[in-house]
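In the two assemblies presented below, chain A is common to both, partnered first by chain B and then by chain C.
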Partner chain A sequence: MFDVINYIYGIFRSNMMDIPLIAPIVDYLMKIPLINILVALILWKPFFAVIIMPGLAVLTLYLLYIVWYERKLTARIQWRVGPIEVARPIRGAIQALADGIRYFFQEAIVHREAHRPYYVQLPILAFIPVLLPIMFIPAGSAVGIYTPYSIQLIVAFIALIPITIVAIGWASNSRFAYIGSVREAFMYFAYEIPFIIAVISMIFLYGSGDAYVAVEKQSAIPGVLLNPIAFVVYIIAMLMATSRLPFEIPEADQEIAFGPFVEYSGILFGLVMVLAYEKLYIMALLFTILFLGGWSGIYCPLLGDLNGPLWLFIKTIIVISVLVIVRSIYARYRLDQALRIGWTSMLALSIAALVVGILGVWLL
Partner chain B sequence: MIRLSRVKTDPIVNLRRHAEAIGEAVKQAIKPDRITVEYPRERRRYPECFRGFIVFEKDKCISCFRCAQICPANAIQMEYFDKAYPGIDYAKCIFCHFCVDSCPTGALNTSKVHDVAFKSMDEMILSARQITRIPEIVREERQTVEYYVDRQVWRLIRKRELDNLEVPPKPVIVKKRKAACLEPESCLGCRLCVNVCPQNAIKVEKCEISVDEEVKGTGCILEIQEDLCTGCGLCVRQCPMHILTLKEVGE
Partner chain C sequence: MDEYALDIPVEPPRELKSLFIPIPPDYVEETYKSDDFLVLVGPQHPGSGHMRLIVRVRGDIIQEVIPDPGYVHRSMEKLAENRLYIQNIPLVERPAIMDAPNLNLGYVRTIEEALDMEVPERAKYIRTMLAELGRVGTHLYDAAILAVFIGHTTGFMYPFGIRELICEAFVRLTGARFTSSFIIPGGVRRDVDESTLKWIYNMTFAMERRLKSFERIFIKNPTVIARLQDVGVLSRDEAVKYGVVGPFLRASGVEYDVRKVEPYEVYEELVWDMPVSDAGDGYARFLVRVNEVGQSLSIIRQCIQEMPEGRVISDQIADRGDDIRGSFYDSLSDIVLPPGEYTTLTEGARGTIIFSIVSDGESNVPYRVRIVTPGWLYLRGFMESLKGERLADLQAIYGSFGYFPPEADR
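And now, the complex of A and B:
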């Protein structure tokens, strides 16, 4: 028994995050038995990447931040005030937390027409394709599972998310949810192909699907300048994929009342509502790695190994914060208009991006 | 048949418009031009002519009943103690403020209070004593906010100050009145008005009444010297034929 614990402790100990800022505290805690194994687990690089940063803990923080930030920014642009009554001194910054707590204690109604088992379990199942890509997203030296095909894997998991949303709409068995599901399926075909082609063009350019190689190749020039067409296609695909406003077709509030999620209430609604935000987070992480130089940034010696995850997170948050402004600028496209954009201009642009990628490899 | 064709747009103009929209959004995000007033904590600054809670001043009231008569919602009921004083039923009041405008002595006045709460319908019938001052209110707001456009620099400006909810009474414009005769031919010639007039402003003279240049009989003609008349109205009360009245003259 003791040997097993010691063996596990040895594994954790061999691959720990080295952060000089909290080194004295860590050293002190490592002397205490049983607590040291916990500290070693938290600072174990794969665990740290998946659970702490840029994984679950930071994802939760991001969700609390982005819901408030988006509402607040839209309100400012539209001359409103936005959420303010929850914690007035900080301008309602914990509104999302308050909503989350309310969802927890609210009754989750399962209506009679719903396909009960799927209806209840699909919101939870939908998290599998959302959270799995985090395993393969490296942040500096911290990485869950290292693989030379990480970018392809992330794209593959992102492509799985709409399937669960369509299934949610089907299990809800209501007319709005049905329309929402069909729209989601249409949009899925509209954005997925240009999106994948844009990513393939970047993989061509970097010569590998390895995120480390991609970041290393961008040390001189970021990917934005290497392939600006792929950049544009990726941004539009990101807006389409996460149903941001110009393409908020599957969840159109005013038409079909949140589309596939119309029947959900309570904590189940809380789970499905953040699905698009989580997808946005994953796609923005991939975006940062592909186009903005990933975790490379000004190295602060005090943070040590934390530099990589922190820079990746900061860049992602900036990208998302800039992206949410489109919500207050553009009106919603019709489904046919969005499909036309997806199948004509975006497809053409993505193929042009692919050509640029191939030419770039040939020239470099 | 009207054929619809796709609107042709210039891509450069289109791009410029997109850039303008994004620029405007960024501008508003940094410094919004919003004109929100967070009501319980701030209060809008209302103008002096705001039609709010009606305040009654007992000493000025002359019990003329004009407010009760003009009220289109029939919300004012006169009640008697000493004299007849108006009481307002706020369940009926439509805040047209005809009563305030019609009051000849300015006994009724407006205020800037617009958020009075009543517990029941019966409480909404306020007697004259209850409306002599503005109701007790807890003022949560720390400032009164007013937005206005500065025409010098063309910018929206937010002005803050704490405003008083009571409105100073406006000076009442009472028009000068003078006695006038409505139907001079109906005068009996009783000379009651002449006797009662303290200024000796009325003269009654005999005259001949002629029809088609043929004298039919004698009558009286009533002459009011307007420069002497003070508009006291004594002659109006005395006249048995009710042909005298007070007419508004001047401004």
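And now, the complex of A and C:
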């Protein structure tokens, strides 16, 4: 028994995050038996990448931040104040947390027409394709599972998300949920193909689907300058994929009342509501790796191994914070207009990006 | 594109039987047999207002829309039969809160026509100014609703922010933010002082500056134009045939405005244009109203500049002085209209308002009050313009008409 614990401890110990800033505390805690296993686990690189940063812990923080930030920014643009009553001294910064708690204690109604098992399961099942990519997203030396095909894997998981949303609408078995599901399916095809072609062009450019190679190749010039067309296609695809406003078509609340999620209430609604935000987070992480030099940044010796995850997270947050501004600028396109954009200009642009990517190989 | 008929027996959904919908069951059966689909939009739907729209769709294309209004019917006409003439003033201005001065004016003008009452010049100018303020407020309100219907939340907040200026002007003029009951038979309730007029004069310029930022973010926004242009087109003939009124008729190329055709108050003496468009689509209907806001602000400024001094209440009503305050009920409660039917037309913000009062000549309550609001008049045109459009356009066309169920239901 003791040997097993020691063996596991040895595994954790061999691959720990080296952060000089908190080294004294870690050294002190490592002397205490049992606690040291816990500390070693938390600082074990795969665990750290998946659970702490850029994984679940900062994902939760990001969700709390982005919902508040989006509302505050929109309010500033619209001559309003935005959420302020919950925790006035910090300008209502925990509004999203308060909403989450409210969802948690609200009754989750399952209506009679719903397909009950799927209706209740699917919001939770939908988290599998949303959260699994975190396993393969490297951040500096911290990586959950290292694979040379990490970019392809992330794209594959992102492509799975709309299927769960379509299934959610199907299980709801209501008119507007049905229309929303159909719209989601249409939008899925409209953005997915240009999106995948844009990513392929970048894989061509870097010569590998390995995120480490991609970041290394960007050490001189970031990907956004190497292939600006793919950059544009990726941004538009990101807006379409996460139902941001010019393309907020599947959940158009004035037209079809939140589309596939119309019947959800309580914590189930809370879960499906954050799906789009989590998808945005994953796509922005991939965006940062592909176009903005990933985790490379000014190296701070005090932070040691934490530099990579921190830079990746900061860049991602900046990308998302810029993206949420479109919500207050644009009106919603109609489905056929969005499909036309997806199948004509975006597809053409993505093919141009692919050409740029293939030609760029000789330049790099 | 070829259509492929699927020979699958389709049953109408169960809830269509239990819900009360004003269409025959055969129609429901026939719809589902012919491969169509009924979508009930409303009355509890973020994009329906207080009404239900029974939308028959084939794929994404709307085949027919059957309106089911009446959810906010307040039996205004019947209530009016049991109240004194002046007690009806607060009642009849309730249909459209922002448009209250126009409804108020229409009702009061009917009484004045029956009693052959002369209104002092200054009161006429104040009434015109109030009516135009109400028009600007209503157009801003409708622009906000249009914006939120096509998902533009900034376009929703800006007009509501700008509308606060109108509300503030009403507060300074009348003491209430919208339903002020300020216009009474024979004039207005009280005089307006110089400083208030000066404030409103300056306010019109402040509003124009704010409207510039609204224009930048919403009116000229490419996504907004993409959503509204060539959507819900009503040709000139169709608009006339279906009895569309107001700015929506003018958007289809018909030059008809009650203020020009049968001028009332001081519209004749002021200089203003009638915005007209030939396109007849959603964007034209919106732009006509946007231009009307500019014209209305100009009318307000002219009213303030040219306002003469004098009484604000007719000497037929307040014969003991030029102020009705203190003797309001004594002077006005015993109005009895001579027997007959009196009808006036008023140009409200959303179109022609028809007020018709039938009096028996004996009692101090009306025998019958008929109110026809513009919403009710253009409902048919609204429904016809939806045919052949996509389901997502339902809200865009709805917003472009500025349909306001409480106004239509009365």
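Definition applied: the second predicted complex is superposed on the first by the 362 of 364 C-alpha atoms of A that agree within 3 Å, B and C clash if a C-alpha of one lies under 4 Å from a C-alpha of the other, contacts with A are read in each partner's own complex, and residues count from 1 in each chain.
Following the convention adopted for this analysis, contacts are C-beta pairs under 8 Å (C-beta built on N, C-alpha and C of every residue); 3 or more make two chains touch, one makes a residue touch a chain.
Treat the numbers as computed from the prediction; the structure is a model and nothing was measured.
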Winner on chain A touched-residue count between chain B and chain C: chain C
Tell me the contact category for A:Arg80 with respect to chain B and chain C: first, second, both or neither. both
So, A:Ile325: does it touch chain B (first), chain C (second), both, or neither? first
Have a look at where A:Arg71 lands relative to chain B and chain C in the superposition and call it first, second, both or neither. neither
Name the contact category of A:Lys217: first (chain B only), second (chain C only), both, or neither. neither
Quick check for you: in the superposed arrangement, does A:Lys315 touch first (chain B), second (chain C), both or neither? neither
Can A:Glu248 be said to touch chain B (first), chain C (second), both, or neither? second
Once chain A of both complexes is superposed, is A:Lys279 in touch with chain B (first), chain C (second), both, or neither? neither
Using the superposition on chain A as set up above, list the residues of chain A that contact both chain B and chain C. 77, 79-80, 328-330
In the complex with chain A, residue positions of chain C that touch it: 39-40, 45-47, 60, 147-155, 157-158, 161, 217-218, 221, 223-224, 226-227, 390-395
Of all residues in chain A, those that touch chain B in their complex: 73, 76-77, 79-81, 84, 325, 328-330
Sort out for me which residues of chain B touch chain A in the complex. 21-22, 25-26, 28-29, 32-36, 38
In the complex of these two chains, what residues of chain A are touching chain C? 74, 77-80, 175-176, 179, 245-246, 248-249, 252-255, 257, 327-337
